[in-house]
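By written order: A, B, C and D. Residues from 1 in each chain.
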Amino acid sequence: MKLFEYQAKEVFRSHGIPVPPSVLVETVPEVQKVLGEIGLPCVLKSQVLRGGRGKAGLIPFVRTEEQAVTEAQRLLGSEQVPMLLVESAVDIDREIYLSVTVDPVAATALIIASAAGGVEIETLAQTDPEKIVQEPVDITIGLMPYQVNDLVYRLGLNGDVAKQTKKVITNLYAIFEAYDAELVEINPLFVSKQAEVIAGDGKLIIDENSMHRQKGYERTRAYYDSDMEFEAAQEGIPYLQFDGDISLMCAGAGLTTTVYDLVNYEGGSVANYLEFGGPNYRKAVRAMELCLQNESKVILMVTFGTIARADVMAEGIVDAINRLHPDRPIVTCIRGTNEEEAVRILRAAGLEPLFDTEEAVRKAVAIAKGAC
Amino acid sequence: MSIFIESDTRVLVQGMTGKEGSFWTKHMIDLGTQVVAGVTPGKEGLEVEGRPVYHSVRRAAAEHEIDAAMLFVPPRFTKDAVFEALDSGIQKIVTIADGIPLHEMVQIRAAARSNGAMVVGGNTSGVISPGTAMMGMFPYWIERVYTPGRIGVMTRSGSLTNEVTAMVVRAGFGVSSLIGIGGDPVPGTRFAEMLPLYEQDRETDAVVIIGELGGTMEEEVAEAMRDGRFTKPVVAFLGGRTAPKGKRMGHAGAIVTGGKGTVEGKIKALTEAGALVAERPRFVGELLQELLK
Amino acid sequence: MKLFEYQAKEVFRSHGIPVPPSVLVETVPEVQKVLGEIGLPCVLKSQVLRGGRGKAGLIPFVRTEEQAVTEAQRLLGSEQVPMLLVESAVDIDREIYLSVTVDPVAATALIIASAAGGVEIETLAQTDPEKIVQEPVDITIGLMPYQVNDLVYRLGLNGDVAKQTKKVITNLYAIFEAYDAELVEINPLFVSKQAEVIAGDGKLIIDENSMHRQKGYERTRAYYDSDMEFEAAQEGIPYLQFDGDISLMCAGAGLTTTVYDLVNYEGGSVANYLEFGGPNYRKAVRAMELCLQNESKVILMVTFGTIARADVMAEGIVDAINRLHPDRPIVTCIRGTNEEEAVRILRAAGLEPLFDTEEAVRKAVAIAKGAC
Amino acid sequence: MSIFIESDTRVLVQGMTGKEGSFWTKHMIDLGTQVVAGVTPGKEGLEVEGRPVYHSVRRAAAEHEIDAAMLFVPPRFTKDAVFEALDSGIQKIVTIADGIPLHEMVQIRAAARSNGAMVVGGNTSGVISPGTAMMGMFPYWIERVYTPGRIGVMTRSGSLTNEVTAMVVRAGFGVSSLIGIGGDPVPGTRFAEMLPLYEQDRETDAVVIIGELGGTMEEEVAEAMRDGRFTKPVVAFLGGRTAPKGKRMGHAGAIVTGGKGTVEGKIKALTEAGALVAERPRFVGELLQELLK
């Protein structure tokens, strides 16, 4: 679960990582109200989860109240920005990159740092890999002080800035541990002209499999790009919204992604990605309801299940059809455990089950194009 | 001969008395797997399919020779169960659990490595050598997928496995050993770490890799091929070629590797190393035909 | 630092280990007052740190109020028992032994358990070693649930008692960790006739080197066998009280213990053991003051120092003599770093420094016997 | 030749710029020890006795070949400093710190073992081969103790070492290598683990062990002698023969070993294994004379 910047910074603050003074607001008058507290110049930081906010003009730097109001109106008026973090500007001397993630090969935590902060680390990894320093950490032992020490000197830091950065690294690792983080990142970590070390941004992604022990984060609408994705998430159904005309209702990430590819290869376009497999294979009614909310022309079902029994899926599909009376054709390719029974059930309901994925994809594309 | 799980591999089932545990224990035995005992704390004295159940792995290991442990254990207890198996010196462990906490999975892999053991999974169906034995949950009775033969299959995806393997079989081949590496970001064992087993297996002529975007496991296979550590033919299928980038959260692992992890990068690496990359599942079978016939 | 039973049980209670209801009292009227709350029969448990309380009659089981008052008077009147823990009696079905300590060879924590509780584990280790089960625990990894599981079944426990015992073991290990324990022990752990698992006794020894992070334990007089030992401890000076006539003021545990042996070999007797070495070598005045409070006949000083410079010690001794005007002879054998200077200082002060430990011991014994 | 610290052992001093660190660095060099560099975070660029100081062990190890690390580091930072040395592959580490938390000392010993390294200490003066080199704090200028010779000395006690060793020298012998195991309940290296080094050392004819009550280290020496793992003559001196039992808290380690840990038990074990046990320090020299002359 990826947190918003303001949430990550709340975590930073409570774990001893300095952040600039800031206030979270949802309306333009609130922006005006907090300017006195935050001061000018300041930064209006759109609280959206996608990256590249700077390039997209979503974190304007404002020098006057007038400018602040104009920019706040632009951002909050866009409907894509539900909240702004109004944050004091820092008098920046230099920027550092800092993150903790997992190294799946070495089976360690991995601290990544660079004295060249403020740019994307992926870009830096390609252009100047020597500017990146890494420190693996045994998760069982935890981060040792000597590692932090060595890291800051590898970054070329000295004196009090080195001391402050050691504290930030130590606390960042503590957050990584306490929050079961997939990634916790500060980019940039500012060194101000007053030689203070302050987190300019904050990214914290909590491991989905550890959410049971990470209380206090409710997935509200703001975490999703669309109403439909939010609605599907409430059901625990993986769902992505597109603007094509074929609704996918397929089993598992791998097969659904492959069907997505095949639809594109055949010249079709996908209306939505929906996983109807794994733990969701009994949720045919809810899944079909989601598909029907799209303006797609056909629903394409492709599965090849093991635990997810084909006959149970078929029963679910027939049940969904009886309840929802879908207004568009359905193409099925339901295979796997008990598939003979599935075929019987589908045929009894008047469907024509297919057995080959590519054939099913071609048929769906043809229907979408009005060819049949 | 087959790899990882062979006809004489003595398997302990942890979590044997649970619903999934007992159901798949029966199927593993039916296929021919040497299931020797099971473990469920508090259930010592029971039997499942005629196999005795013990309170702990140590107690089972005191009574039976054990080569491998099959875990039907919920994700939150998986670390404990793996450590328990490792503690009794078990070197081959398969865990199907979907939802193992990331940091615990890192510890599992680290512990396995320092014990010289192999943990396969989590988030997988397991390992099967069709016609011989299996550790996991495979509908081996579906003949158009689980036909014995001479093609090794390794997969990151549960749902794609049947789809792609069916194409291998449709092209006239069969499967020597199929290994579900698992779909988690930190699998216990990685593709490249399985290659030495396939390299040595006299019953495997070629290996099919079912990969996807993210991570660097496919690139590591390419590296093993380039280094001459793996010399048999490789055919790969990678899902997500046309997947729009914006819709996927940045993959933490991709950070370190400087742009690795994209499907394009994987195709390039594999192709340069001499692997054939199939654009569609069907082409996997056709490419194998070209290579082997 | 060894805690009192009542303190160990407070720790148990706050960490989820069941203990019988109990109240700590210091006077006989208090005992009468709490009987209503605790009920009869109950146990009056003398809060002293030494072992073997049962055999010494320090934990009487009482059935009536009259009996309680009589026993409380006997114990609290003895001046050796400053506090009583009045504790409900448990209807005992069986007793278990449980402890966590450190294995210095394997470099692990070690859980030791036995289904034959209530006896001294050292005795059991000699008579029935097969009745003891052990489980090493990697301190970095911590105790894993499977280990606890295996332990309780090795103890032959079953059902709900097994379940409760697992929880006790898990919590006991958590205490071992959280309190930097040298030893945490429950002996006996009762299984009541109602199949409840309850800690009958509690022993918790905190590692002295970790006391800086174990707050809330002040070393009051109650922790010491004598006023003198308490007084010495306030200064950080290792001190033991005996009833002989030679006061030792020697360097380090090893040498002091050896001088103690030599005094005994020579037919002398020790008034007090005092380490005047290591971090205390500059505390000559305070150390001599302690020795002079004894009714000894001579003070015997033997050192052979490295960091503890002989000249500094000699200066301290001379200073102490000038300030305290000791009323008894002093025998010195001060050697090691800068010993030439030390000899000069001691001689200038009118002392006759010796160089051989046995010679010094013989001289002290002779003085004590009035032979010189 | 000598053991542990030899004339060509390249030593790194951690905590070199501190008061004790710089003082004893000078003395180690004066004796002939090959001190190559030092570490104090934040002090890179300084020199102590002409040796360069680095921010970290890694930075020092990048510039120098290092065989051993000598720690002048406070007890609460000792675990970190030992792990840092181990991380750079240093196999011999001496720590003098008195007051290392017990649980951290357990982790230090465990880490050293799994790295195949030896940590000597804490709570010790260190290791010295008189006339050759030392790691630690020994007044080697006191000739009636630190005379070179052919007797190995191992000791648990700081204060007894000079006393007993002086008796060795008074009897006409000298010391090959003296190792202060340290007085903590969990020493990094135990008596018996040092024996193979003395066994192989051509300059050691016999070993003197200075022990005391508590623990099982002396019993382990007896075991090594009985098993034939150590074949040179051993003379032991044990403090605390007449110490009253009631005055000492029960030693946690004694629990497991069923009555081991008493001085009587140690004397019995050592004597049965063929060692000579001296009742007084003076007798150590006399027993050596009997054995070797």
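What to note about this one:
By our rule, a residue touches a chain if its C-beta (ideal position, glycine included) is under 8 Å from a C-beta of that chain, and two chains touch if they have at least 3 such contacts.
The structure displayed is predicted, hence computed values, not measured ones.
The chains in contact with subunit C as well as with subunit D are A. One simple way to say how far apart two chains are is to compare their mean CA positions; for subunit A and subunit D this gives 56 Å. Remark: subunit B and subunit D have CA centroids separated by 50 Å (rounded to whole angstrom). Each chain gets one centre point, the mean of its Cα atoms, and the points for subunit A and subunit B are 27 Å apart.
Residue positions of subunit D touching 2 or more other chains: none. Chain contacts: subunit A has residues 140-141 touching two or more partner chains.
The touch graph of these protein chains has some other shape, matching none of line, ring, star or complete. Chain pairs that touch one another are A-B, A-C, A-D, B-C, C-D. Residues 140-141 of subunit A are the ones touching subunit C in the complex. Within the complex formed with subunit C, the subunit D residues making contact are 75-76, 98-103, 106-107, 109-110, 113, 125, 137-139, 142, 155-163, 166, 183, 185-187, 190, 210, 212, 215-216, 220, 239-244, 246-247, 249-250, 252-259, 279-282. Of all the residues in subunit C, the ones that touch subunit B in their complex are 141, 144-147, 149-150, 153, 159, 162.
The touching residues of subunit C, counted against subunit D in their complex, run 2, 50-51, 99, 101-105, 107-110, 112, 121-122, 125-126, 129, 134, 138-140, 177, 180, 182-183, 205, 207, 209-210, 212-213, 240, 242, 250-258, 260-262, 264-265, 277-278, 303-307, 335-337, 339, 357-358. For subunit D in complex with subunit A, the residues that touch the partner chain are 41-42, 44, 55-59, 77, 80-81, 83-84, 87.
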